Amino acid sequence: MTPEEIFNKLKDKFGESKILSVHNNESAEVDICDPFINIEPLAMTEVAKFLKNDSELAFDQCCCISGVDLGDDLQAVYHLYSFNQKHKICLKATTNRENPAIGTTALTWGISGWLERETYDMFGIIFKNHPDHRRILLEEDWEGYPLRKDYEFPRYWRGMEVTPEEDYGTD
Amino acid sequence: MEQYGVILAFFIFGLVFVVANLTIASILSKKIKSQQKFELYECGEVAEGDAWIRFNNRFYLIALVFLVFDVEVVMIYPWAVALNEMIAEGNGVFAFWAMSVFVVILILGLAYDWIKGGLEWVKPNLLQLDYLKKDA
Amino acid sequence: MVIADFAFILVAAFVLICACVVVFHNKIIYSAFALLFCFFGVAGLYVFLNAEFLAGTQLLVYVGGISVLILFGILLTKNIEDLTSKEVSTQKIFGGLISVTFLGGLIYMVNSVDWKVSTPKPIENSPVEIGKLFMSDFLIPFEIAGVLLLVALIGAVVIGRDTDKDLEV
Amino acid sequence: MDNIFLWIAITLGAMVGLVSVVGIVSIYLERKISAFMQDRLGPMEVGFGSLVNAIAGKEVLREGRIGLAQSLADGLKLLQKEDIIPDGADKFLFKLAPMIVFAGTFSTFAALPLAEYFIPADVNIGLFYILAISSFGVSGILMAGWSSNNKWGLLGSLRSTAQMVSYEIPVGVSLVSIVMLTGTLSMKGIVVAQEGWFWNWHLFGAVGHHGLIGFVLLPMMVINFIAYFIGSLAETNRAPFDIPEAESELVAGYHTEYTGMRFAIFFLAEYGAIFVGNAIAVALFLGGWYSGIPAIDQANIPGIAPLVFILKTFVLIFVVMWIRWTLPRLRVDQLMTLCWKYLIPFTLFTFFSVAIYKVFIV
Amino acid sequence: MEQIKTDLMTINMGPQHPSTHGVLRLELKTDGEIVDSCRPYLGYLHRCFEKHCESLDYLKIVPFTDRMDYLAAMNNNWAFALAVEKMMGIEVPEKCEYLRVIVSELNRIASHIIAFGTFGLDIGAFTPFLLAFNQRELIFDLLEEASGARMLYNYIWVGGVARDVTSEWLKKVKGFCESYKPVINEIDDLLSYNKIFVSRAANVGIVPKDLAIDYGFTGPNLRGSGIEFDLRKDEPYSIYDKFDFDVPIGSGEEGTLGDCWDRYMCRIRETRESIKIIEQALEGISLEGDIYEAVPKNFNKMPKGEVYVRSETPRGEMGIYIVSEGGKAPTPYRCKVRSPAFCALSILEKIAKGVMISDIIVILGSIDIVLGEVDR
């Protein structure tokens, strides 16, 4: 199915308040871009469930979840693939920086659990109703979310020097 | 008797040998104190929980079954040693049947254990783990 | 045979010390290991009685089997490292009385019996004799032992089946 | 009276020498054999010359070309290692365990029939004695694993104990057949029964006892031999039965926490146990000190007996190593299955066959 | 009869453990030998690759990609290069494409050798591991001659490759292909169909098809579960459509579909297919032409936008997601790597419950993780 068809199908099901817009290569204001659909962040859980279980869509694998720091907002980008239908789609959920929250997809795709944990770890996006919402790569007591653009490298962590003095504050 | 004296000497020497070696080693070796050295090895992490816990009773059952067969082996040995003489005395056939009864009784026990799964190690059925069940 | 006597004293002392550890040590795991050594020493005592085969049996069954069973049994108990045998203070006087009575009785018995000291010729090849006795005088006990072992085997399975029901294959 | 002390001194000396040589040679062989099987060279650098230089504090030159002194150098290294006892361990039992393990193994050397007139303790229950005393080492292993308060150690020692006690049964039963044939438990008596040509060896049936008809027992004895060999592999925790110290699972099993010389003692005891296990197989199945060809036996060439015996044992040790570097490791439940469901029924079958042969055929 | 209760023992497996294939920590709760729960802890090798990328030129990122999956550095280079090339619309010269195919298939073999070699090692088979390692050395010699490095090559650049090769080198590659075939047969004899090995690996760690997809299995792991999916075949990138090769899939021939043996066997068979591809590439390649032709001098022409490119590395599908702000910034705004081993490892929690400690090792070995790539 083409991205438009997926978009229309989703819009019929969930309505415009949850499925915001679709972008194609041509229609985008950027030079190059995979087609993607914007989703209302808290609706992610139900949309994901539908995407997986609908026999025409049948997106059975979540390839990748990437967080992006857009400056004012934080975004989670979902790349989905269907082994059954051999088609793929990209979903984007944009949430605000102060109180970032997106509905989890961990109950839909097994792999999402870890990918969302990684996104949380790096961007601090909270995934609502995630069954095991912990940091994954960094220590539990690490402060801040390193991949945010305004992240400041700590000088010390647990008494250990983690940023050399000459690098500190220069970035 | 003297022969057993030799064995005792061997046993005691075995202990002495270890002590002597350790003494030599303690003279030759360097000692560098460091607290971390004396921590238990648990793959580089601080040990969690205790090793001294209530352990799975499967080991106990293996030992129990072993003990039964151990006693059996112990009882077969004198019979086997005496077999030649018993045959010479003309008791061979009787001895054979007497021992057969004894061993067959135990083989029955083994068979019972076998059928009832007493010889199985605690082994999960890897084909029917929880996550596989819902598909079946 | 001064040396033999010396060796006997050595072994006997070893057994006694181990036995004392079994009784008096606070840690149950030490008691278990001491019991193992006690069995080992008893095997030595059998040798002094010219019962070599019995000594071997003692080693094989008691040291290699029963001790291991006891140790496994202890590993099944909780918190072995701080499990200590408690003194039962309420029974002190009564217990002491009983022990003293028993001790007195034993001393009286030992003294009153007219011990016959005889030195029968040691059996040359004890396993053969034991084997023959199994097949003649002690045939019935021998077979009954077989049945007993069967019962033990079945018992082991019954225990095993009950405890890992959830892991039943 | 002097006589017995002299005898003890001689035999003790010889056996200590033997156990050390066996340890050093086996470790060297293990390295070289594994290396050649794996398409590499193994130890190449350390020769005796470089070892001497190292001890004398001179510059160490690469003098060895086949690494002959590698095991010795390792021994020296281990002697200088710091002895670490972890804080959490039960210190008394921790120290006692290697002694028990080594003394248990070393005691079995007392009944090794190296030659007709060189058995340190030629007791009339020799075979039974070796079986019995080797079960003593089990407790040492359990002690080592438990006292180090390490989970890998405890798991390893529990596995090891369960494995060793289980495999005592097939080992014991498989040897009964030979006792039935020879009618003695004395190691000397069993070996003497195999005098002469190699077809008199028990591996080939009972030819030495009853002439040609003894060949009937050939399959039984081969089964017995294999069962014993597998059993002895398992009792000495060798691959493919090395689950107690499976380095990929349990790190090092019951001796995880042991360092330096204490660790070396375990190692030495292990190689000693391998030697004894295979020596029993040689004595019982492969004619002991008899070379199999009467012309080159001790009657004609004095002093050859121990050499023949040790050589045969090392051939079997080679097979043990060969197996180790060829086969993967079994899992603990498969190990128990092999013991209880294959070896024990098979050995009971051979036991009955030999008994029927003894009672009804000859 | 009341059940005799046993305590759960908490064991840390790793980070310093021989079989966790790097610094992975598993917290096991076991009842005797049976694992009750298994919780992986990652991050011991975390270097924040993605943060680094944001301050580096595209060409300077390439050496960092080496260090992700250090066993298959070529394939990582290539995955990144593909993403940047798609973004900039670069046409890579055909010679470079051929060279890329040859070196990354060689690297794929080297990586699979580690995978099945250490898998055998985990089960206790030492010898096949070293026999296979000899072949890996030969591959390293070849790659060293081509790139100048033995492990971290920095060879596949955006738009081309770093160094040219000679026709002698191609002959040597040909020679390697010949010498490799008997070795893999020997490993089959020694290990793959060994009864003990089969009984250890077959029917262990079964991952059925749906679970494999659900938990993001890709590459040999996915194919081991019986799904015929290979990006080189299904979404051919570069010049893979020119080659004739099979996609081996697990069939449950020794046990159940999707068990550890299937995954292991997939890798063994894949190396044979890689040899096929290399042989075809050696025939097709011509040494004419400039390898630096399409390498961009600078990244001023970088368009604004984003791409997500998948490519098949030995561990599965490596996806590179790059967001660029356009020509004004020569560094990626965001670079995310979808690491196949990270995704595959996530299944461990699910399938570990109820197996034995020994099986955990086997399962971990069979999904073939590289911690450098899991943690990045």
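Chains here go by letter, A, B, C, D and E, matching the order in which they are written, and residues are numbered from 1 within each.
By our rule, contacts are C-beta pairs under 8 Å (C-beta built on N, C-alpha and C of every residue); 3 or more make two chains touch, one makes a residue touch a chain.
Everything numeric in this text was worked out from a predicted model, so none of it was measured.
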Taking each chain's C-alpha mean as its centre, the one farthest from chain A: C
Most widely separated chain from chain E, with each centre as the mean of CA atoms: C
Interface with more contacting C-beta pairs, comparing B-E to A-E: A-E
Intercentroid distance (Cα basis), chain E paired with chain C, Å: 60
Where chain C and chain D are represented by their mean Cα positions, the distance between them in whole Å: 29
Separation of mean Cα positions, chain E and chain D [Å, integer]: 43
Junction residues of chain A - those touching two or more other chains: none
Sequence positions of chain B contacting 2 or more other chains: 4-5, 42-43, 47, 50-55, 57-59, 63, 65-66, 70, 73, 77, 80-83, 85, 95, 99, 103, 110, 120-124
Sequence positions of chain C contacting 2 or more other chains: 3, 52-53, 57, 60, 64-65, 68, 72, 75-76, 78, 81, 125, 127-128, 159, 163, 167
Residues of chain B that touch chain E when the two form their complex: 42-45, 47-49, 51, 53-59, 121-124, 126-127, 129-132, 135
Footprint of chain D on chain B - complex, ascending: 2-7, 9-15, 17-19, 21-22, 24-26, 28-32, 37-43, 47, 50-52, 55, 59, 62-63, 65-66, 69-70, 73, 76-77, 80-85, 87, 92-93, 95-96, 99-100, 103, 107, 110, 114, 119-123
Residue ranges of chain C in contact with chain D within the complex: 3, 29-30, 33, 36, 40, 43, 52-53, 55-57, 59-60, 63-65, 67-68, 71-72, 75, 81, 124-128
Complex interface listing, chain D residues touching chain E: 34, 37-40, 151-152, 155, 239-240, 242-243, 246-251, 325-334
Residues of chain C touching chain B in the complex: 3-4, 7, 11, 44, 47-48, 50, 52-53, 57, 60-61, 64-66, 68-69, 72-73, 75-81, 125, 127-132, 134-136, 139, 142-143, 145-147, 149-150, 152-154, 156-157, 159-161, 163-164, 167-169
